[in-house]
Every structure is written in structure tokens, then in C-alpha cells.
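In the two complexes below, chain A is the common chain; its partner is chain B in one and chain C in the other.
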Partner chain A sequence: MNAWFDYTVNGFVIGNIYALLAVGLALIYGVANLVNFAHGSVYVVGAYVGWAAITYLGTPLPLTILCVVIVSALVGVGIERIGLRPLHGSSRIAPLLATIGITLVLDQIVQLIFSPDPRAVPMQVPEWRIPLGGGTIGALDLLIAGIGLVSAVVLYGFLRFTKLGWAVRATAQDSDAALQMGVDINKVNMAVFAIASALGGLSGLLVGMYYNQISPAMSFEATLKGIVALIIGGLGNVPGAIAGSLILGLTESYGIALFGTSYRNLFAFVVLIAMLVWRPNGLFAGRRSLPPEPMTGTFITRSRPLKVPRWAVVAIIVVAALLPLTGHPYLLQIGANSLLYAMLALSLTLVAGTVGQISLGHAALLAIGGYASGLLALDGGWPVALAMPAAGLITAALGTALVFPAFRLTGHYVSIATLGIGEIVSLVILNWTGLTHGAIGLGGIPPLEIFGYDFGSVESTYWLSLVVLVLLALLQVRLLNSHLGRSWRAIRDDSVAARSYGVVGDRYKALAFGYGGFAAGISGAITAHIYSYINHETFSASISILALTMVILGGLGNVLGAVLGATLLIALPEAFRDLAEYRILIYGVVLLLLIRFRPQGLLGTV
Partner chain B sequence: MSATEAALLRLDRINSFYGPVQVHFDLSMEVRAGQIVCLLGGNASGKSTTMKTILGLQRPRSGQVWFDGAEITGLPTPAIIRRGIGSVPEARRLFGAMTVRENLLMGAYTRSDRAAIAQDEERVLALFPRLRERLKQKAGTMSGGEQQMLAMARALMGRPKLIVMDEPTMGLSPLFVDRVLALIETINREGVTIFMVEQNASLALGIAHYGYVLQTGQIALDGPAAALLRDPRIRDAYLGGTTAA
Partner chain C sequence: MAAFLEVRGLQKHFGGVTAVADALFDLREGELLSIIGPNGAGKTTLFNLISGLDAPDAGSVHFLGQDITRAAPERLARLGMARTFQHGRVFGNLSVLDNVLVGAHTRLRAVKPAVPVVGPLLEFALAAVRPAAVKAEEAALRDDAMRILSLFGERLLPRLDHPAFSLSYANRRRVEIARALALHPKLLLLDEPTAGMNPTETAEMQEVVHDLKRSGLTILLIEHKLEMVMRLSDRIIVMDDGRRIAEGLPQAVRNDPAVIEAYLGHRETGGAQQEAVP
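== the complex of A and B ==
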């Protein structure tokens, strides 16, 4: 009984923290139709600014809060200026990708300044606790509740009674009409980013105090939790975001009480997927189906793909095949790594580029492939030569089945759903100890060996990967030039028109995810046998983002582009090893520059 | 030239493109102060693009837009609105989840003279008494005709010199069409110049002083409304199918 009271209080407190995040996301989605993936970075910035203010300046609590609010708001304004404003009129997905680039950059900067190690935030609130209703409430709980409440009231007053607040609401409802009333949309966006980021930064500070620990790594999770709360309440619905956050906080708190801490996030993401499948408009909307995406602009930037003559492709393959003759093991290792990433990129360029489903959870396919092959060989005693193709098929089937509920979603919702599904896969691997060995990971995976021939050497690993990649790429080119390829592109460009011509979207999406799952699964399987040890974090979400950057770099939908993107992003950072610390920063900047200046990628979209 | 004779709005040799497709070919026209001027034309004749060009929502590749003695080509939309143009967009485009009153106040967004805004609110509500009953109601819950009135009232709240209207009678019942037209005339008599784009030629010419006929991006015909109504070319091309005389 006592414990339940405490769990409820805890749920409300966490819910309040999520609400500060989710309200900002809702405001931003409202005016800009954008899910801001950089929101978690602002939260981290807020936490660190608070920590630095207390540690170095010795600020008292109100001043700490003021510092956090101001700096976070400025960061928000910067995000709007870089990630949103210059992209006006570009493809629908461009601002979302830009915020991903910004989050990579911001997180890395925080990490470079403050080191990746966790820090303890000095407690600025008295430590007393009032016994109440069988449990206790502490001063910090009250502070967080108070800040949540005050923020909500101030925000309500702003939206309801100020001119800028009306402009925000008007823009959210119809930005074109607001423009014709004389509303400066850029100013509105800037104000909204500032407010949202101030609240997000505040949330980071409070979380730091509550858990007494902050680290740059909390960014991603904060973004995810904010998005889950946002989806529960309905995209763009501000009061809904608050309610959704409290529901999420309580669900997590009770879930932990019943099942244990490692299940916390699993609850959040299962709730997310359930909402997307059954109530994509949120708990509080009357409509069951999604509103149509705004039809302005194309989904991906159209371009004429660069024609690469057949002999050049053959020449590239020949040169690649002869690379081991140079006898540089280090070079070959990078080469093999590039080839394995290229398989993942092939898979993603099909799903994201050709079919237009921007997947943010693609690394999960690697994990499924790696675990499937590893477990078949290790616990099932299968020969590696059979385990790997089987893993490809398992990944194809499982990957498609997992994404299947999300097939009716479009645009932003697909990205959110795949992100959630990716996290679920990793959490299931962590928690399903009986099958996956849980947190210990999978050790002693047999090395690459095909019918008695040992592929363990760098050269043979490289050659095997090259052969597999070339086969997959040729198959993919065949598919793209067939009737199937045309249907895929039709679904991407206009799903309604495609449907009215009898192209059943779900079936074709399933084929794409199936083929994509196979390619990625094989890549994961080979990787697992090379590494000999994998765990639930080996194929993390950052790999999904990296793969997306590769695909955009090469040109969405472009097969050769995917290979080129993978090679460049794996090989180039190796060439500048001294910059290893800045690798993620470089990826982020590359992504941002591409979206801004060459959205069609190096070789062009197909 | 007297004040009422001067062109309040002037389009000078506009060439617009939508992607690779040219929409306007050297389009020139003017709207004189104090008048109701209508722009007629069928589908895809470039009517909506003309509207967008005036409001700064689309930039012409060449040519100039002049308003109230100054060039406004290429200005951002809010700046154009601040110079004294009110807009009644196609399909009304109200802020459906905001109240009627909030919609009216959004119309006065570019102004900061609170007392004068309150006065204008009274004036507008006197003109549209139906809206007074519904001040606290969400705009999206009203009937189409009431919404059209709110859209006009909202445009008036900016105290514009010129109101541009995109198909103000579209989708209204015949009863409301007459009332909307009568209100347009009333607004005009109070000194506001009106530029309206219409597909329904006979209705528009019935209240307008001057008319332009747009055909594939060029002015095919223009003249005083009364003359156009009698013009056999208009009767054949635009009034043939209509029952109105």
C-alpha cells in the first residue's frame, strides 16, 4: 500500500518532466508540422547548463532556472534557424532529417565540453519528506509539480490572451491564412522554438536533480519519451501532450513496480506502437484515421540520377575484388566494414528511398539477423553456412511482421513507429533472457566458415562480403526496373493514386520490407560471426541514423549511391583517425549540409 | 487625376511560372480606388495565381505590383498586409478552432491601436449582426454562409484600403450568395476598394464597376461591368449556361 503511493507520486513526477518535453514538441508540431528530433538535445543542454551554473557560479535555484531557460531558448532559436527556416519549400521529410543532424551535432558538442561521463547535479532543494497517505512526498516532488503547473498556466495564458499566442494558434490551424492576416510565420516559429526549448531545458534540469545524475546519452531517450507522450495525446495537441505525459509517467512507474526497471522503456514503446496502430490521432481525438499529409512539395527531392555506365560499375567491382592483393589488412578491414554497411544501406535505400518509408529503426534488422544466425549456430548447432541465409529469411519475416501494423501510417508517423519498433527489438533482446542470453550478450559465436572452408581471415571475410553485396545489389537493380519497382515508387509518390490504380500498398510495402530485411539480416549475421560477441547494444539506434545518412548521401533510392554513401562514411573517418572524437559531429554536419545544399545526394534520387 | 480615379493596385507586365509552366503572360491590370473590380475566368486561367501574386504568396519572374503608390513586388506577405490589403481567401480559411471573436482579432493582427480596434469591432458587428450572437462560438461550427461573413468581417478588421476576395460566393446557397454580394456592395460604399476573383460572371459583374476577363494568363477582355454584361463575347463564353440575366 505504501509502496503504491510512492509509485504514484513517482509516476506523476516523471509525468510532469515528460510533459515539459512533450508540450514543446506539440507546439512545434502545431506551427511547423515537424517532429523535432533535436528536442532531447535541448533537454541535455538544459541539464548541463544547470549543472555548470551551480558548479561553477554557485547560482541559487531561481537563478539556475533562469540560466537554463535563457540558454535553452537560445539553442531552440538556433535550431529553428538552421533546421527549419532555410528548408522552407524543400521536401516534407527534410526538416525532420535536419533535426536529426542537429541532435548529432549538439549531443557531440555537449560530450566534447563536458565529457561523456555522467555528472551528479548538486541538490538545491531541502531533503525533507512529508509523510502522506502512507507514503512520502519530498520537496523536490513538490518543486517539479509546481514548475509543471506554473508552466502550464503561463502557457495557457500566453496562448489564450496574448497576440503572439493567438498568432501561434492561428498558424497551427492554417499557416497560409495566418500569413494573410499579416502574421510573420518566421517570428511565430522562432517564438515557439524558444518557448518549447526553454521548457525542454527546464525538464532536463529537473531530471538531473531527480535522478541526481546527468549524461549526454540521455538526449535520445528524452526525445523518444517526449514523442511517445505526444502521440498518446495526439500530434500537435498541447493539453493532450500534458495528459499523455502523465499517463506515460504513471504507466512506467506502475510497470516498474510490477515487472522491474529494465522493462521501463519497453512499456513506453509498446504504448507508442499500440497508439499508432489503434489511435494514431491520440486518445482525445474523435477521428480514428489519420489526417492526410499536407500535399505541398514532394516527399523526396526529385532529381535526375547520375548515369554511371555499365563498364564503370564493372571496373569498380573488379578494383574492389583486387583490393586484397595490396596486402593491407587494415585497409581490408575497413573495406569489409564498408561492405557490410553497404548491405544495410541497400536495404534502407529501398525502404526509405524507393518506397518512401523513412525508417529510423533499421539497425534492429541487423540485430535480428545477428542474433538469429548467432543463436542458430551457437545454441542450435547449425553450420554457419546454413545459419546465415536462414538468419536472412528470419529477419525478412520478422522485420516485415514487426512493421506490418505500421503500414497504414505515412510520413512522420512511419519514422516514429520504426524508431519505436527498433527500440522494442533491442529491449526484447535485453529482457528475453531465455532465448537471447539477456544482458550478458551472445559470446563465442562461431567464426565464418562455409562448408569446411575457413573465412576467418580478413581477405576472405572481405571477399565473401563483396560477393554477397554484389549479388544483393544486382538483384535490387533488377527489382527496381521491374513492375515491382514502378509500383513501389508509385506508392511513395502518391499512395492514394496508386491505390486507385489497384496497387495494394500493404502488399508492396511488405515485399520491400521483406527484401530489405533479408539484406540487412545477412549483413547482421556476417557481422555477428566476425565479432564473435554481440549484445543488445551492438546494433544501436545510432547505426540506424548513420545508415540513413549514408543513404541520403548517396541519393535516396539509388543502389550505387547507397554503396558509395556507406563507403564514404565508413572509410573517410578512418582516413582522419585523429578526428575520431569528432566522428559523430562530422556525420551530423554532413547530414545537415546535404539536406540544405544537396538533398538529392551525390548520385541523385531515383 | 482625382483620388477616386487613381489606380490603387496596379499589375504591370507580370510573368509568373508554376514550375516550368508559365501562368501569366505579360499580365497588366489596375484596380481604381473606390471601385469594385472583378477578375473573371475559367479553371486554370491564372485567377488564383493573380491573387497569390498580389498577396506576395508567389513571386512573379518578371513584372511589378504597385499598391497605393509604392512597389510591393517581392515583399513578404505580412508586409503587404500591413500596407493596407485585406484578404478573404478561397474557401474562407477561417481559424476553425478559435472563437469568432478571436478570428476577428486575428484580422486586426497588424494593428496595435486597441481603442480603434474595439471601435472597428463594433462597426463590423453592426454590419454583420449574426456574428455578434456567435462571438464566443468556435468559427468552425458555423454554417458556410456565416463563415463567409466572418471571413469578410475578419478582413475588414485590418482597416484595409483594399480587400481582395477569392471566389467569395463559392459553395454558398443562393440566398447567402445574394446577401454576400449585398454586403460586398455595402463594404465598398463605406470606402473600401474591392478586388474579387469570380467564376460566376453574371453575379460578379452585377455588382462590379469594372471587369477583367483572364484567359490562359492574359487579359482577353476588359471594360466597365455594364458594358461587359452586354458584350456578346461574354454572353457566349461565360453567361451562356447561367440562368441569371
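== the complex of A and C ==
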């Protein structure tokens, strides 16, 4: 009984922390129609500013809070200036991708300044606890509840009674009309980003105190949790976001009580997918279809793709095939790595570019492929030559089945759903110990060997990867030139018109994810046999983002572009190895620059 | 004899606004029925209800003897209903030819087997392997698409490979109609085919629609340019505020006082000229 009281208090406290995040996301979505993926970074910045203020300046609590609020608000203003304002008029998903770029940059900067190691935030709240109703409530619990309550009241007052608050609400209702009535939309956006980020930063500080630990890695999870709470409450619904956060906090707390800590995030993402499938408008909206699509069309920028002559493609393949003759093992290793990433990029360029489903969870396909092949070879005793293609097929089937519930979603919702599904895959791998060996990971995966021939050397790994990539690319080009390619692109360009001509969305999305799953699954399988050890973190979410950057760099939907993008983003950082520390930073900047200045990529969208 | 298309008591409300109230009409095979009325009269909503893009609150639609109320648009496409869209919905990044070929999607043999899992896999295999039969079918579809595109003279033929987003507004409308014809429809729904066209282009389009009608195609037409409506239609339905206010032969409708009141304003009778909707 006592324990349940504590779990409830804990749930409310965590819910309050989520609420500070989710309210900001809801405000931003309201005025800018944008799911701000950089929100978790602000939270991390807030936590570290608080830590630095206490550690170096010895600030008392109120002053710490003030520092955090001011710096976070400034970061928020920066996000608006870089991620939103310059992209006015470009496709609706461009700002979302820009915030992903910003989050890469911010997290990396925090990591460079403060190191990736976790830090403990000094406790600035007395340690006493009040016994109450069989459990206890601590001073920090009360502080967090108090900050949550005060923030909500201040926010309500601001939106209800100030002129800027009215402007914010007007912009949220109809930004064009607000603009016509003389509302300075830029100022409104800036104010909203500042407020949202101040709350987000505060949330980071409080979490740091509550768990007594902060690290740059918590950014991603914070974004995800905020988004889950936002979806529960309904996109853009501020009171809904608060309620959604409390529901999420309680669900997690009770879930941990029943099943244990390692399942904590699984609840959040299962709730997310369930909401997206059954109540995409949130718990509090009337049961209607999706709201008027905030982003018709996709990130596909209208362009004429660069026509690469056939002989040039043949020449590239020949040069690539001859590369091992240089006898440079390091070069070949990078080469093989690029080829494996290129297979993933092929898969993503089909799904995100050709069919327009911007997937943010693509690395999960690698994980499924890697685990399938590894387990078949290791526990099933299959020969590697059979395990790898089988892994491709398993990934195709499983990947499609997992995304299937999300097929009726569009735009931002697809990205959020695929992100959640990717996390679910990784958590299932972690927790399904009986099948996947759980947290220990999969060790001793047999090396590449096909019908007695050992592919263990760098040269043969490279050649094998090259052959597989060329075959996959040729097949993909062939499919794109068939009626399938035309149907996929029709769905992307206008799904409503496509339906009216009998192009059944589900069927063609399933085929695209199936083929994409196969290509990515093979890539994951080869990787697993090369590494000989994989675990649930081998194919992390950052690989999904990297793959997306490659695909945008090459030109969405462009097969050759995907290969080029993968090669550039894997090979170039190697060329500048002194900058290895800054690799993620460079990816983030590349992504930002592309979205801003060359959204059609190097070779053009197809 | 059951009517070709039978619309009974169709209703649609958006919030408190009644977009379509009790639509009721029959369409006979080979007939060209026009629906006219001022902006906001509910014409396009009615089209959306018939073509499955929106679900009616009440009422029923029968097509070729089948109940198609609330049927999915892809099913209607298979039954032979094709439509164009008021604001133009071409596939922007697809070439002109590909746009028309998408229109022929339901005629592809590979698309036919609707068995779950097996059907799509078979379709995938056919697209990857492309045996002679598939190639021949694709070639035949291409020839057919070229024939359809040539209905518009030299307007589209020189632009086969151009992406649709690069076309003029008028050409996009032509592409939409070509795409609809590629379905080999039994019923064609045209939503303002001449919107944004100048008089010469309008006259051309009128000629095209006239030829289609003469070839026996059943057409439901929404159009603002009254001259064209009067020339082409077998019958006209006039809508205002979601209601049918008149129905009949072009001459009768033209002289109906209720129509003049609602649609043409108070000043003139029948001489009202085309209002060009941009």
C-alpha cells in the first residue's frame, strides 16, 4: 500500500517534468505547426547550465533557476532563427528536419564542453520528507509540483491577459489571418520559442536534481517523452499536453512497479503508437479524422534530377571494383563501411524519397537484419550464406508488419511513428532475453563465409558488399522504371488523387517498406558478421538520422544519390581524422545547410 | 431499368453548415448531366460524396446497380468511375506520360489479384522480372496514353517527358482529363475542366468534352461557364446552398426564375457571361 502511494507521487513528479517539456512542444506546434525535435537539447542545455552555475558559481537555487531560464530561452530564440524563420515557404517538413540538425549540433557542443560522462547535480533542496498517507513526500517533490503549477498559472495568465499572449493564440488559430491583422509572426514565434525553451531548460534542471545525474545522452529521450505526452494530449493542445504528461508519468511509474525499470520506455512508445493508430488527434479531441493536413506534399523539392550517363555509372562501378588492387586495407575498410551504409541509404531513399514517408527509425531495420542473421547462424546453426538472405526476408516481413499500423498516417505523424517503432525494436531486443540474449548482446557471430569460401579478409568483404550493393541498386532502378515506381511517386505527390485512380496506398507502401526492409536487413546482416558482436545499441537512432542526412545529401529518391551521399558522409570524416571528435557536429551542420540551401540534394530529387 | 447512377437523399454537414442537403438525381447511360450553381453551392462536396473522398451523413449512391455509398475511392476506380479535381491534382514530379499511365493503373493485370500478401508479392515479382506479357501490356498502355494525349492536339504531345509541375495551368487540367480517360471510365466526373482557361482554350476543351459525349461516355460535369454548359448538357441541375433549386433541359433551366434569382443575379436573364474563376 505504502509503495503504491510512493509510485503515485513519483508518477506525478515525473509527469510534471514531462509537462514542462510537452507544454513547450505544444506551444511551438500551435504557432509554427512544427514538432520541435531540438527540444530535448534545450533540456540538456538547461541541466548543464544549472550544473555549471552551482558548481562554478555556487549559485543558490533561485539564482540557478534564473540562469537556466535565461540561457535556455536564448537557445530557444536561436533555434527559431536558424530552424524556422529562414525556412518560411519551404516544404512543411523542412523545419522538422532542421530541428533534427540543430539537436545534433547542440548535443555535440554540450558533449564537447562538458564531456559525455554523466555528472551529478548538487542537491539544493533540503532532504527532509513528510510522511503522508502511508508514504512520504520530499521537499524536491513539492518544489517540482510547485514549479509545474506556477508555470501553468503564469502561462495561462500570459496567454489570456497579455497582448503578446493574444497574438500567440491568434497565430495558433490562423497565422495568415493574424499576419493580415498586423501581428508580427516572427516576434510571436520568437516569444514562444523563448518561453517553451525556458520551460524545457527548467525541466532539465529539475530532472538532474531528481535523479541526481545528467548526461548529454538524455536529450533524445527527453524529446521523445515530450512528443509522446504531446500526442496523448493532442498536437498543439496546451492543457492536453499537461494532462498527457501526467498520464504518461503515472503510466511509467506504475509500469515500473509492475514490470521493472528496463520496460519503462517501452510503455511510453507503445502508448505513442497506440495513440497514433487509434486517437491521432489526442485523447481530448472529438473522434474525427486527422486534422487538416498541416503538411501536404513532402520534403520532395521540385527539381530535375541530374542525368548521369550510363557509361559514367559503369565507370564508377569499375573503379569501385578495382579499389582493392591499391592494397590499402584502411581505405577498403572505409569503402566497405560506405557500401554497407549505401544499402541502408538505398532503402531509406525509396521509403522517404520515392514514397515520401520520412522514416526516422530506419536503423531498426539494420538491427532486425543483424540479429536475424546472427541468431540464425549462432543459435540456429544455419550456414551464413543462407542466414543472410533469410535475414533480409525476415526484415522485409517484420519491418513492414511493424510499420503497417502507421500507413494511414502522413507527414509529421509518420516521422514520429517510425521514430517510436525504432525505439520499440531496440527495447524489445534489450528485454527479450530468451531470444536476443538481452543486454549481453550477441557475441561470437560466425564470420562471413559463403559455401566454404571465407570472406573474412578486408578485400573479400569489400567485394561482397560491392556486389550486393550493385545488385540491390540495379533492382531498385528497375522497379522505379516499372509501374511500381510510378505508383510510389504518385502516392507521394498526391495520395488523394492516387487513391481515386485505384492506387491503394497500403499495398504500395507495404511493397516499398518490404523492399527497403530487405536491403537494410542485408546490410545489417553483413555488418553483424563483420563485427562478430552486436548489441541493442549497435544500430542506434543516430544511424537513422545519419542515413536521412545521406539521402537528403544525394537527393531524395535518387538511387545514385543515396550511394554518393553514403560515400561522402562516411569517407569525408575519415579524410579529416583530426576532426573525428566533431563528426556528429559536421553531420548536423551538413543537414542544416542542405535543408536551407540545397533541399534537392547534390543529384536532385527524383 | 436501374439507372446508371442513382443518388438518393445525399446529405453532408460540416459543423453547423449544410454543404449538401438531400441531393437526389438519376444519371442515364450516355447522358451528360451538368451541375451548376454559385460558389459554395455544394457542387464539389457532392462530387466528393459520389467519388468516395468524403462520407455522406445520410443518403445513398448506386452505380451500375451496386451500392457504392461510402465506398473507398480505389473501389470506385475499379468499377470504372474517374474524376478530375477542382483545383487540379496532377502528380507534380511525374512526367506528363507517367501521369496518364497512373490513370490506367486499374487496367494493369499485375494490379488485379486483390489477395492479401500474395497479390502484392506477385505484383512485385512481375515488376522486377518483367516477362514479355508485362512488357507488351506496358507498351499497349503507352500507345493508348499517346492516343488519349493526342485528343488535345499539340498541347501535350511535345511535353511528354516534362514534369507536370512545369506545365501551364491549362495544360495541367488537360493532363488531369487525359489521366481520367486512361482509366477507360464508364462514368467521368469533371470538376470545372475549364477553370482558368482563356476563351480559345475553353472552346477547345468544349470540343473535347463534346467528342467524349458523342463517343457514348456518361459524364457528370461541374462548370461555371454557362455557354459551354448550355451547349453540351442533356440536362442541368442547379444547386444553391446545398439544395437543388431547379432541374431540367438547358432551355427550361435558363428561363427558370428561381435560377435567375440564385445564380445569375437580378439584372439579366440568361445573358450572363462566363465568370472566370482563377
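Keep in mind that, in the parts below, the second predicted complex is superposed on the first by the 599 of 606 C-alpha atoms of A that agree within 3 Å, B and C clash if a C-alpha of one lies under 4 Å from a C-alpha of the other, contacts with A are read in each partner's own complex, and residues count from 1 in each chain.
Quick note on the criterion: a residue touches a chain if its C-beta (ideal position, glycine included) is under 8 Å from a C-beta of that chain, and two chains touch if they have at least 3 such contacts.
The model shown is predicted, which means the values in this text are computed figures rather than measured ones.
Set side by side, chain B and chain C differ in how many residues of chain A they touch, and the one touching more is C.
In the superposition on chain A, A:Q180 makes contact with chain B only, while chain C stays out of contact range. In the superposition on chain A, A:H483 makes contact with chain C only, while chain B stays out of contact range. In the superposed model, A:F161 makes contact with neither chain B nor chain C.
In the superposition on chain A, contact of A:Y501 is made with chain C only, not with chain B.
Once the two complexes are laid over each other on the shared chain, residue contacts for A:A170 go to chain B alone; chain C is not touched.
By the touch criterion stated above, A:F451 is placed in contact with neither chain B nor chain C. When both complexes are overlaid on chain A, the residue A:W311 reaches neither chain B nor chain C.
Using the contact criterion defined above for the overlaid structures, shared-chain residue A:Y330 touches neither chain B nor chain C, since it reaches no partner. No residue of chain A is contacted both by chain B in one complex and by chain C in the other.
In the complex of the two chains, the chain A residues touching chain C come out as 300, 302, 304, 475, 478-479, 482-484, 486-487, 489-490, 492-494, 496-504, 507, 510-511, 514-515, 605-606. Remark: chain A residues 163, 166-167, 169-170, 173-174, 176-184 touch chain B in the complex.
Chain C makes touch with chain A in their complex at residues 51-53, 72-74, 76-78, 82-83, 85, 89-94, 98, 101-103, 105-106, 108, 110-111, 119-120, 123-124, 127-128, 130, 138, 163, 165, 179, 183. Every residue of chain B that touches chain A in the complex is listed here, in rising order: 55, 57, 76-78, 81-82, 87, 89, 93-98, 102, 105-107, 109-110, 154, 158.
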